[in-house]
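All chains are identified by letter, namely A, B, C, D, E, F, G and H, in their written order; residue positions are counted from 1 within each chain.
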């Protein structure tokens, strides 16, 4: 059976930058330099940046904690965790959660990480800049909280489906706190 | 005029993980710990991973080099550079490039970074798994090359618009090599 | 703060069918009959059907088990669990999983639950009916497995990102087995 | 001719949870246990939930009754019935109904089932939370009514196309009442 | 409450062509000529054509008959009826029908009315013109039948969800025959 | 070369309703009755309705007249004519018209035919029902005018790109009047 | 009434490049230099290129000629003319044309201008590069012809709806020839 | 390897208008007249217009200058440059820029070129015409500036991601000025 190159495990060090130049196809060799015409290295200083992200384990833990908080309160909610680029890492549709909650949760998370603040705070900004809410992917409704590392937003957690945005936010906050030390 | 929290510069160290808990809104303070209810820190070991990315400067340099290679050959091309998540970092529509080239370049870059190989190689895999090409966002057509760091794909460069995929690939390769040390 | 009617917990019995006729707004009263003009009951025999679904807890458990199986094998994968209607219940993007894997996992799960079979089996059907793969939302690529209850499909589990579809399927299967008694 | 596994009739009992493990393809056998490697059973208590839905017969009856009510009043309307997940079950485009009415009806039904209330009531909530209307799939305009079972929303009926939302709502209500006992 | 102009009942005669020139708003007067600046008439010969369509009653009857035929055979199917422009008139999601069936039914109906033939016949044309299936909105899979009036296609009926396309077509045909005299 | 059944010319009489039952494929015979298993006739009274439409010649004439009116005034505009179902019949992008004008013109035409009134009038209705503008496909901005036949809207003409909506409307009106007798 | 800056007529000379720097709003003055902070000029040699396009009058003439050719042959077709960037300039839906024809015509025109050749020729290239047809927006089906100026493609004309692609191409060709000297 | 016709370099003179009539396929000959049945010339006066555009070099220079201005101020921004038709020429995602910034930048650029003014000015027009912001593709938020040539808008530059729209606009303006003479 044909096999595609597996994506190597997440880099923890910087061995350099490389471009696959060989026409070989199969399991990626452990040593890029061994591939003729394979990935060549570049000086990290010339073009590499390093960013922090939530691991899937941490993101799952946060999402589950938010869901649990909602369920404990007898609410049917959906939860989403997005990374610093707004890409979904985890998404959970709680039992009995309304159909509007799934994408709402994602958009709240997206909005929180975009401006590095809670959506319950960001919604107040619409009074002065009402067209901010026209930006694609956003939802200015309470229930989204950002997660920071070194003052930079690295993730957003969004919750939707409870009777009020304040409740949604409380569950999202519970999710965030579950991954705090 | 209302101000949104600026996104702090890319983190280079790990100060911990935080959740914005305060309702304050404005310029993010330099010291998260100073914000009551503000971002709290988590143990990096508990949930943070670090990934390498091309800086916008490196990505722009690569894209421009690919475009220049095409122009030098008298070809009208479009160029795209996407990151490890398939998100576009740079996109250039060359003078006179055909309308089909813009999204083609993006999809070739997406495909190359998805399987960590050149699309000219990946297209051969369709003989055994023809439905691979039905995966959304992909384009199995020569002209896409991956960029690696420590054997993991961190970016994809795609070129489209030249009379043959081999030419597209040569320009994409020139772009990749421009950021090699 | 304005409150929306919370969605009551998932019904476990059938009290009848009702239509909200009152203009009142707020927390849904426990006794629908108490609301003037509120939800009226219908005879279950006249229009209600009962269906089985995976709870979010079961779906999360399955998704996590699939992800764990992939990680144990050193693969970077994404996982999706969809219900009998193809709606996503859980979605997980593994660390380092390729960008193509997220939607691929969802489509494999969708395809498996649509025809109540593994996608590794369904792909063989394309030899006789090649246009089946043109049905929106489907992906005929190994890695999707259905979950049944009383012979009816009630969920689909999809995995994508490993070097081969056989590996993807093995992890999806591990996820399914995690919720078997 | 190639045959796909038919979806067995809607389950009325719970025989357990199963995963299709066999590579056989064809008509689903009546006895899952008979399939080697086929669906295995799980304990219902470990992961199954039961939900109530409108049958297609009940949903069609409701939609037709709504349409009839509109036609009797000389109005040209469209009607939609969605389930608890917002998925369309029945959709009817009345003779001469305006083109805007078809999707409007679906969105009104979606909105009603999302918050378990009439859209004529829900629209008032926008005064305090104006961004609720930015949630994808919603339409806060009179003409949508929820259908409940045991206080949980199980369907939404939406009507659009009449000169006023009050008229649309009256027809939707007529549809809902047609399936009341 | 504000009222919109109701759409007058479907025309059965041709009184002329008119443009609303008045700024008045409300119930459309019965006599267009009475509205100052209102719709003016044009000579029918100068720009009007007359087309035949299925009424919503006929379309519903056909869709229901198709659904009944499927249910009688123990199959879970979805049904769609589209008009000569490919616009959906009726759509029904049968109890237990697979999620892939809903849009499949619509596309089969669309394809049948587009080329005025059964999709089981049209699929054979792909041997000579395989790219026909790349036309947006189409699905070349058995289960779609056209309805003609005076040799011109006026509607398409599509069925999906049964184990074979031949079965889908039989039910669609049953739907069509239900409106034959 | 494979041939598809041509769509017969627009019916001007009603010969009955038919379903293609034959598997033959090719040029449609002139006499449907001659096709074994071919389209069968239904009683018109049982399911056919007749509607009036603008011919392509009339629609083109109207669109061109609107464009000419704009050009005569030195304005760069786009023009759209949609039928009673909101489907585009003619669309023209004037020289130098802004990119926003093309879809704006279509939406204005859609809105005008949806409520059978000028969009300059309909926009006033937003004061009482502000969420009307959330209906997909609509644009409540002056520049759209409906065309009626026997009091029923049969088309909409939309113009966009001029410095004011009043100017856009004047050109749309000129287009409408070009097809008045 | 508020007025927007009209787009000045298409430039026929190059007065320089400018950026609107003033906060004034209204009719654009004839002399940009007269606006304080208004558009400043750049040297054309530093950044301006000149391209040729079909005027709307020429594009309409071509589209109408193609439609007439089809109607003369008794065929029901749709016609599209796109510019060098694939943007639609004119689109016509002929009386009785199948619903699949409208977007097909646009895609054929897009494909022809993308590779500067007839789609009847381009389709042959799929034998060697079958994935070319996966490029978004394209349709490799006869009926599209490019229009050149000085060897560069400046427009594409697409026709769809006739029983064969050869017929579609003949009508598109007739459209193109109508604007030849 | 199969070769597609390269798009010839951007025309700088007008040699006439041509239609590819030959079935030959390959590199476009330098002399169109030499191709039998090839592109024929039309009189420029009969259908050609000339428009000014930013070259990719000028657009890239402007985008880079805007990005540099933002980075110098310590802000994380995205930049887009669109042509007179709203088509993206260059798009840059700055290091650490929020995910909302990428499409925001494009829409601001689109809006600026659509009405030939800064978006900080255009947003004021919403007071009188609030539905202008419902036009697809637009974003009425400061940060977009138009580029003119001979009083006609030929491009738009958009910036997003800084804490205020005024800052975004300053960087966009810096980008525009970089290509001023």
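Just so we're on the same page, a contact is a pair of C-beta atoms (placed from the backbone, for glycine too) under 8 Å apart; a residue touches a chain by one contact, two chains touch by 3 or more.
The chain list, named the UniProt way, goes like this: A, B, C, D, E, F, G, H = Heme-binding protein.
Computed from a predicted model, the values in this text were never measured in an experiment.
Colleague: Going by the touch criterion at the top, tell me which pair is linked by more C-beta contacts: E-F or D-F.
Modeller: E-F
Colleague: Can you spot which of B-H, A-B or A-D is a repeat of the F-G interface, where more than half the contact pairs line up?
Modeller: That would be B-H, since it shares over half of the contact pairs of F-G.
Colleague: Once you find the CA centre of chain E and the CA centre of chain H, what distance in Å lies between them?
Modeller: 41
Colleague: Between chain D and chain G, what is the separation of their C-alpha centroids in Å?
Modeller: Comparing mean C-alpha positions, chain G is 43 Å from chain D.
Colleague: How many Å are there between the centre of chain D and the centre of chain E, using C-alpha atoms for each centre?
Modeller: Chain centroid spacing, chain D to chain E, equals 21 Å.
Colleague: Quick check on chain H: which residues sit in contact with 2+ other chains?
Modeller: 1-2, 4-5, 7-10, 49, 55, 85, 87, 95-96, 98, 115-116, 129, 152-153, 165
Colleague: By the document's touch rule, what are all the touching chain pairs in this structure?
Modeller: A-B, A-C, A-D, A-H, B-C, B-G, B-H, C-D, C-E, D-E, D-F, E-F, E-G, F-G, F-H, G-H
Colleague: Under the definition above, what is the set of chain H residues touching chain F in their complex?
Modeller: That would be residues 49, 82, 84-87, 110-111, 113-116, 129, 131-132, 134-138, 152-153 of chain H.
Colleague: Provide the residue numbers of chain B that touch chain G in the complex, in ascending order.
Modeller: Touch list, chain B to chain G: 95-96, 98-101, 103-104, 107, 123, 126, 133, 139-141, 165.
Colleague: What part of chain G is in contact with chain H in the complex they form?
Modeller: Touch residues, chain G against chain H: 1-2, 4-5, 7-21, 23-25, 28, 30, 32, 39-43, 46-55, 57-59, 61, 83, 85, 87, 112, 115-118, 120-122, 124-125, 127-129, 145-154, 173, 176-177, 179-181.
Colleague: Residue numbers of chain H touching chain B in their complex, please.
Modeller: 1-10, 27, 55-56, 60, 64, 67, 74-76, 87-98, 102, 161-166
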